[in-house]
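Structure incoming, see below.
Naming follows writing order (A, B, C, D, E, F, G and H), and every chain is counted from residue 1.
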Amino acid sequence: MSGSKDLGYARVDLERESRQGLPEIVYGPGKQVNEIAGIVTTLLDRNTGPVLATRVEPGAAADVLASVPGGRYDQAARLLVWRAAEPIGHTVAVVTAGTADGPVAAEAAAVAAALGLTTTLIRDVGVAGLHRVLAATADLRAADSVIVIAGMEGALASVVGGLVETPVIAVPTSTGYGAALEGVTALLAMLTSCAAGITVVNIDSGFGAALAAYRLTRGPR
Amino acid sequence: MSGSKDLGYARVDLERESRQGLPEIVYGPGKQVNEIAGIVTTLLDRNTGPVLATRVEPGAAADVLASVPGGRYDQAARLLVWRAAEPIGHTVAVVTAGTADGPVAAEAAAVAAALGLTTTLIRDVGVAGLHRVLAATADLRAADSVIVIAGMEGALASVVGGLVETPVIAVPTSTGYGAALEGVTALLAMLTSCAAGITVVNIDSGFGAALAAYRLTRGPR
Amino acid sequence: MSGSKDLGYARVDLERESRQGLPEIVYGPGKQVNEIAGIVTTLLDRNTGPVLATRVEPGAAADVLASVPGGRYDQAARLLVWRAAEPIGHTVAVVTAGTADGPVAAEAAAVAAALGLTTTLIRDVGVAGLHRVLAATADLRAADSVIVIAGMEGALASVVGGLVETPVIAVPTSTGYGAALEGVTALLAMLTSCAAGITVVNIDSGFGAALAAYRLTRGPR
Amino acid sequence: MSGSKDLGYARVDLERESRQGLPEIVYGPGKQVNEIAGIVTTLLDRNTGPVLATRVEPGAAADVLASVPGGRYDQAARLLVWRAAEPIGHTVAVVTAGTADGPVAAEAAAVAAALGLTTTLIRDVGVAGLHRVLAATADLRAADSVIVIAGMEGALASVVGGLVETPVIAVPTSTGYGAALEGVTALLAMLTSCAAGITVVNIDSGFGAALAAYRLTRGPR
Amino acid sequence: MSGSKDLGYARVDLERESRQGLPEIVYGPGKQVNEIAGIVTTLLDRNTGPVLATRVEPGAAADVLASVPGGRYDQAARLLVWRAAEPIGHTVAVVTAGTADGPVAAEAAAVAAALGLTTTLIRDVGVAGLHRVLAATADLRAADSVIVIAGMEGALASVVGGLVETPVIAVPTSTGYGAALEGVTALLAMLTSCAAGITVVNIDSGFGAALAAYRLTRGPR
Amino acid sequence: MSGSKDLGYARVDLERESRQGLPEIVYGPGKQVNEIAGIVTTLLDRNTGPVLATRVEPGAAADVLASVPGGRYDQAARLLVWRAAEPIGHTVAVVTAGTADGPVAAEAAAVAAALGLTTTLIRDVGVAGLHRVLAATADLRAADSVIVIAGMEGALASVVGGLVETPVIAVPTSTGYGAALEGVTALLAMLTSCAAGITVVNIDSGFGAALAAYRLTRGPR
Amino acid sequence: MSGSKDLGYARVDLERESRQGLPEIVYGPGKQVNEIAGIVTTLLDRNTGPVLATRVEPGAAADVLASVPGGRYDQAARLLVWRAAEPIGHTVAVVTAGTADGPVAAEAAAVAAALGLTTTLIRDVGVAGLHRVLAATADLRAADSVIVIAGMEGALASVVGGLVETPVIAVPTSTGYGAALEGVTALLAMLTSCAAGITVVNIDSGFGAALAAYRLTRGPR
Amino acid sequence: MSGSKDLGYARVDLERESRQGLPEIVYGPGKQVNEIAGIVTTLLDRNTGPVLATRVEPGAAADVLASVPGGRYDQAARLLVWRAAEPIGHTVAVVTAGTADGPVAAEAAAVAAALGLTTTLIRDVGVAGLHRVLAATADLRAADSVIVIAGMEGALASVVGGLVETPVIAVPTSTGYGAALEGVTALLAMLTSCAAGITVVNIDSGFGAALAAYRLTRGPR
């Protein structure tokens, strides 16, 4: 099958870089160390851009790094990176509502950075103490785009959406309990935000938000 | 059955006033004009306080008023009132996120007023234009309690909850479409608000919020 | 309240243009003709940019236009526009899966055009006949961004997301019946797309997608 | 950022006490011992009122107490308290339907007490044996407010709501199995209670109920 | 096909009476007048017991009665009956929470009566005024079984279940709005009742409850 | 775009017949008479096989037939057919649980017949009177495949699935009320059938079942 | 509080036996061994009938039995019983669809037996092999009532409901995966059964079914 | 009970082979090793065709094989097989969207093979890299039927459904997180596929798909 390589345990998309400017990114869960290593090796061989593996636990990460040299592991983000991209001149502000949203923010920021985006982290500015997010307004407006990460009722997305005019990518998180419904409440709330033009990605998907931010830097051909 | 009167079509709770300081309130939908009139007449006869009928459409309201004199109809609130209470010295601010929340606010304010509360209406201060609600901060803080009415993602409840220290009663509304799920999204969002100590009533229940505010004025015995 | 004007039936956000580069946009449902006219007049007076009212039915639209001259009505989009913006050099491709997605596409395209975006409409290229969307690949790649509009299982978003590298904004529609659950199925499917970096707006929200595309053209300050 | 202190792992809201009469309360889950200790220390330094950390497990609690002296741990409530408030003259009755609702009641009562409320615990009076709650009527009516805690079908909230005229804050719990849906059934039931003016907080949120009761003691400014 | 008769538009179960002591009962919705008449005629011819058609609107009922003589129509119950059974010595108490539950109670009572049960109607004794249901305790205990009909939070089922020791059949109704979810909340609440041994039938199914009560009178063979 | 024809209001898939042995089928809802006529005309011109339009109401159907001669309308099935296929030697039994499932069965049978399948209709054999479906066993086993159509609890699918060894396609219908949840209950029940190897299509999709049966007659190439 | 005894950890309902013919039954989960022992001791002292504790794990059961002599433990049913009732002349058939429904059947049968019912167990007669349940018809009809226990699609309840004329109590179980939704599918299916007069209890509630069967033996007073 | 054998822990359906061409298949979860062994032994004794036990973990599998000789265990599929069938001349293509769908594909392929189908595995051809599935078109079209296995948004089913004309059996998997809702999103998406005539089985049910494919090979009698 041209354009892909069948490793037995996975069929690697070799055309992704030429088609979308970025090699395929490896999703770690459910894959063995040798499978991650094999896919990464193939991607490094057949592409020139950054190669990433997401949601890899520390133990597995160490084993993969031992097998495929040249990589780096970000534990907070659970991210493996080889050949991180040079900065491409787009700044994304990553803003969170609370401490518990930290891991998702770490993934979003680390993936974005590995793809060449410059990231600014604005942490723990939930709307219950509105002065915190208002104090961050200048920083938010200085960015080319904003990733808003919040669980529970996700109201931060609406507030930020009303403060900036640039693209806002909202990430609902599974933070909270009871009626938070594992992130579904924040997801629904962000989709129905009264701040026009906000877009939303899947629950806890720091990865998805980073990729959406990366797309902002790509143009037509 | 002592303590109640069986009218055939309804069993009127005659003890409610002595038990809870307020006669039973008539819920209009599904009742005929003569049934509303009959229950209201019984309540007026056997109690001394205000008598209300909620969610009554204009045509039916006119017929009931013709049959039971001394009442007044508030069309925006769809509320019939006899013997409205004197002001009892508690101010409740009724604040809405958008124009579409108006009918629920009208019901909340009219019921509250009929029970003796003083109401302040702060309209259309959704969080997409945050300066509007911030400009209303002093008014919000001047009230004894606040009823926040919002649909869509309901973020206004969290913002107001963070601005005042008095009781906040949140009313989700069925405003919005798609992922707003007929008010369920606002309901879930308000229940998981990051602003601590907010309480919530049923979707579109301006009535429930007004009664909750009324309870704030009642003490132990 | 500075920065807004209280018309009694609505509090108009006068700062939105300076804050976000665009005057507030009027949401038609639930508003009377005179209310829409009043808000529009205020917005025209106090801003310099385009003024829009969405989801206005034909009869009401004619009455508003008679009252506020200089506007134009797009019936397919149910959109009223005054002072449409000049083209600002960003092309957005609006692509639909089926004929029934047409009204949402019309809203997306008309709003985008009124805000100065150039739109390309690629209609009826659902994945059951894959050659149709493949034949449109060049057109899709030539755009600065893509709005994908689909109901039922919403698979078109994943396919388009894999073909282009620019921003993809997915709009689930309420097209379909039974397990389509009024658009919820397409919404969930788009949020879990295997094509990385796709973002999603509310069900049937052509308006939200257009605003998200407009944000793509705005930069930091 | 004025009004808050950024500890790296958290941005502490320093204005909450002046704004709402109470320092920020620390939510334990997902925070390390040193993080809880750091936030608590900051809050103690920069405020004068009670400082609380909720949902802290025994082991972590001991470590935090060792690091930040002067605190006290209530294991049943999983609550850490420093500088508990003096009684402020408001009695709240905490009433439960069954034994399994005990932990939520413990949290509600301990948080309320730490904030200066006087609490009365009325335990295990579910409506299947109605004489139990009826026997408690005088105690319920003697309180300034009532927190009703129940899982399964949550009927106790409606019964209590009909017995007292003071504020009733209902807490659904995740007690039960099958159709109890982890507390969602009790939540929905309490929101649709036939006893007017009941308000509801999130599932299992003894904390939220206590804060709502605390708000009852705060006035306008 | 032995044991049934194919009328073209329906296959009538002729064995039901010998198998279950009762002829098949006709469900009206979706059937034409001539179809109802045809099925009823067949059932009358081939059985000896009562023949019923449920949920028939007044106009259609009149036409069916004109076509199949000997029947009687109960408009409140929307029920057509031919050859109503003689009393068989089982009393069922039909108890409702509110006025809006009346139509479901009417169906339950009329179907039960047509099958030979003696019915007692106890109306409008919702738990918000507990003295009403307590006053009815003797009547409830005097019955052989109880059908409890309630919407909203359905708490009456738990209270009644705790007062009597005989079979309790709970019918949730679609009364209420918002979080009542068209009767789903009452359904879930009744299924998780803290009163042991309550059983539940479908939302608004007065018919189902009556048939369940009828089964109580049938013995082994 | 090769392989399709853009009519402005629709892009007709001209390759479907060569790719899948059958021209595209027109879904009526949301299309104007002239649009249906235009698409049908194009399909008739550019294909040789049967051309169908589904879910067309009688008035629109008459207008389309007047505009595109040679067609035939089946009102019970709401189906328009041109160039119905010759029988291809596959018999499908269409079996329903109740009278209310009739319209879905009519669509399934009429579409299947138009595509060349021979259909046997076995009506109204719900499992409450099990002898009816048992009496039909021989007919069910004589067919090459079976379409089972049932609403409410959909149990007929499991029973039929246990009686025959040929392909069983289950169609849940929106028949029923309350907990039937507009067909979702039957859908879920059929998907979890204890009879192995049953497959399921969308709620009320007689069309989908007929197409699935048609696929049974197609082989590899 | 008269009629109950407050043990500190629980308030025991001492009137249940006189009110409902049966002492309160202890629900094991969430209670300590000493709490179960204390409640059981109180119930044995203050009543004369059978005392049961349900869902007690083997280890805890042994400890309770050591502390409160005279009891017996049924491990399959996870049930502790003291003073089991003499047979009272009512036979209940407990019928299951599959092997996995066994534990729920064990609880139903053991609780029923402890309360004096005679039980017949008919196991593993799911409708995929219909001859199994048909072969059991005589046994089913010989019982005074039937408890049907099934997971997945729960179709057995409808089939049994059509075979017997006595009371049928359906218990949905959490058997199955995916679309079985932890028993919700079986629950919904049983509630919408086409067999009239079936009643339903909570998911996996063998206990609830047994109590419902016990109520069948109780008469008016 | 004729036609079945009661082993105490299970009632084995002995007529299934004569009725449906295949002995009953044993579902492993919840059964003890000796129970699986006992059922398998009975099935081997009383039938002549293949005997399978699904979802058996490695340890249990080894114990069963030791007890019932002649079997074979496929660990990836968690399947035990005795007397696998000879090839019967029907090829089914098993196609997956991603690596994580592998275990479900393994079960589908192993069960199908044990029943005599010839299987082709086409792995990891998700639609984000469309060229992969397009490159497999010839292989897909060469099969007699196709099983499509996908999680997340399940779009592969629609794409494959549009490429082949033979039967397509779609299996949603629980792959993904957040809005994937444990496979419910893929399930709903496949049920509403725009590719006509696709059928769907339960989430993660490779077994169900294989049995559905097997039914394709059976004819009328």
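Here is the rule we go by: contacts are C-beta pairs under 8 Å (C-beta built on N, C-alpha and C of every residue); 3 or more make two chains touch, one makes a residue touch a chain.
In this text, all values refer to a predicted model and were calculated from it rather than measured experimentally.
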Give the fewest steps needed to get from chain E to chain H, where each step moves from one chain to a chain it touches.
2
Can you name the chains that touch chain C as well as chain E?
B, F
Touching both chain C and chain G, which chains are there?
F, H
How big is the rotation, 0 to 180°, that puts the C-alpha atoms of chain G on those of chain H, in steps of 5?
90
Since chain B and chain D are copies that touch, is their contact same (over half of the numbers shared) or different (under half)?
same
Going by average Cα coordinates, which chain is farthest removed from chain C?
G
Starting from the Cα centroid of chain A, hunt down the chain whose centroid lies farthest away.
E
Interface copy of G-H among A-D, B-D or A-C, judged by whether over half of the contact pairs recur
A-D
What is the distance, in whole Å, between the centres of chain B and chain G, each centre taken as the mean of its C-alpha atoms?
44
Distance from the CA centroid of chain C to that of chain F, rounded to the nearest Å?
36
If you look at chain A, which of its residues touch at least two other chains?
19, 98, 128-129, 162-163, 178-180, 184, 187, 191-192, 196, 202
Each pair of chains that touches is included here, namely A-B, A-C, A-D, A-H, B-C, B-D, B-E, C-F, C-H, D-E, D-G, E-F, E-G, F-G, F-H, G-H
Residues of chain A defined as touching chain H within the complex
1-4, 6, 9-11, 13, 15-16, 19, 24, 27, 29-31, 35, 172, 174, 182-184, 187, 202-205
Touching chain H in the complex, chain G uses residues 98-100, 102, 123-125, 128-129, 131-132, 135-136, 175, 177-180
Chain E residues touching chain G - in the complex, by the definition given at the top
19-22, 25, 91, 141-144, 162-169, 187, 191-192, 196-202, 207-208, 210-216, 218-221
Per the touch rule, the chain B residues reaching chain A in their complex are 97-98, 126-130, 134, 152-155, 158-159, 161-163, 176, 178-181, 184-186, 188-196
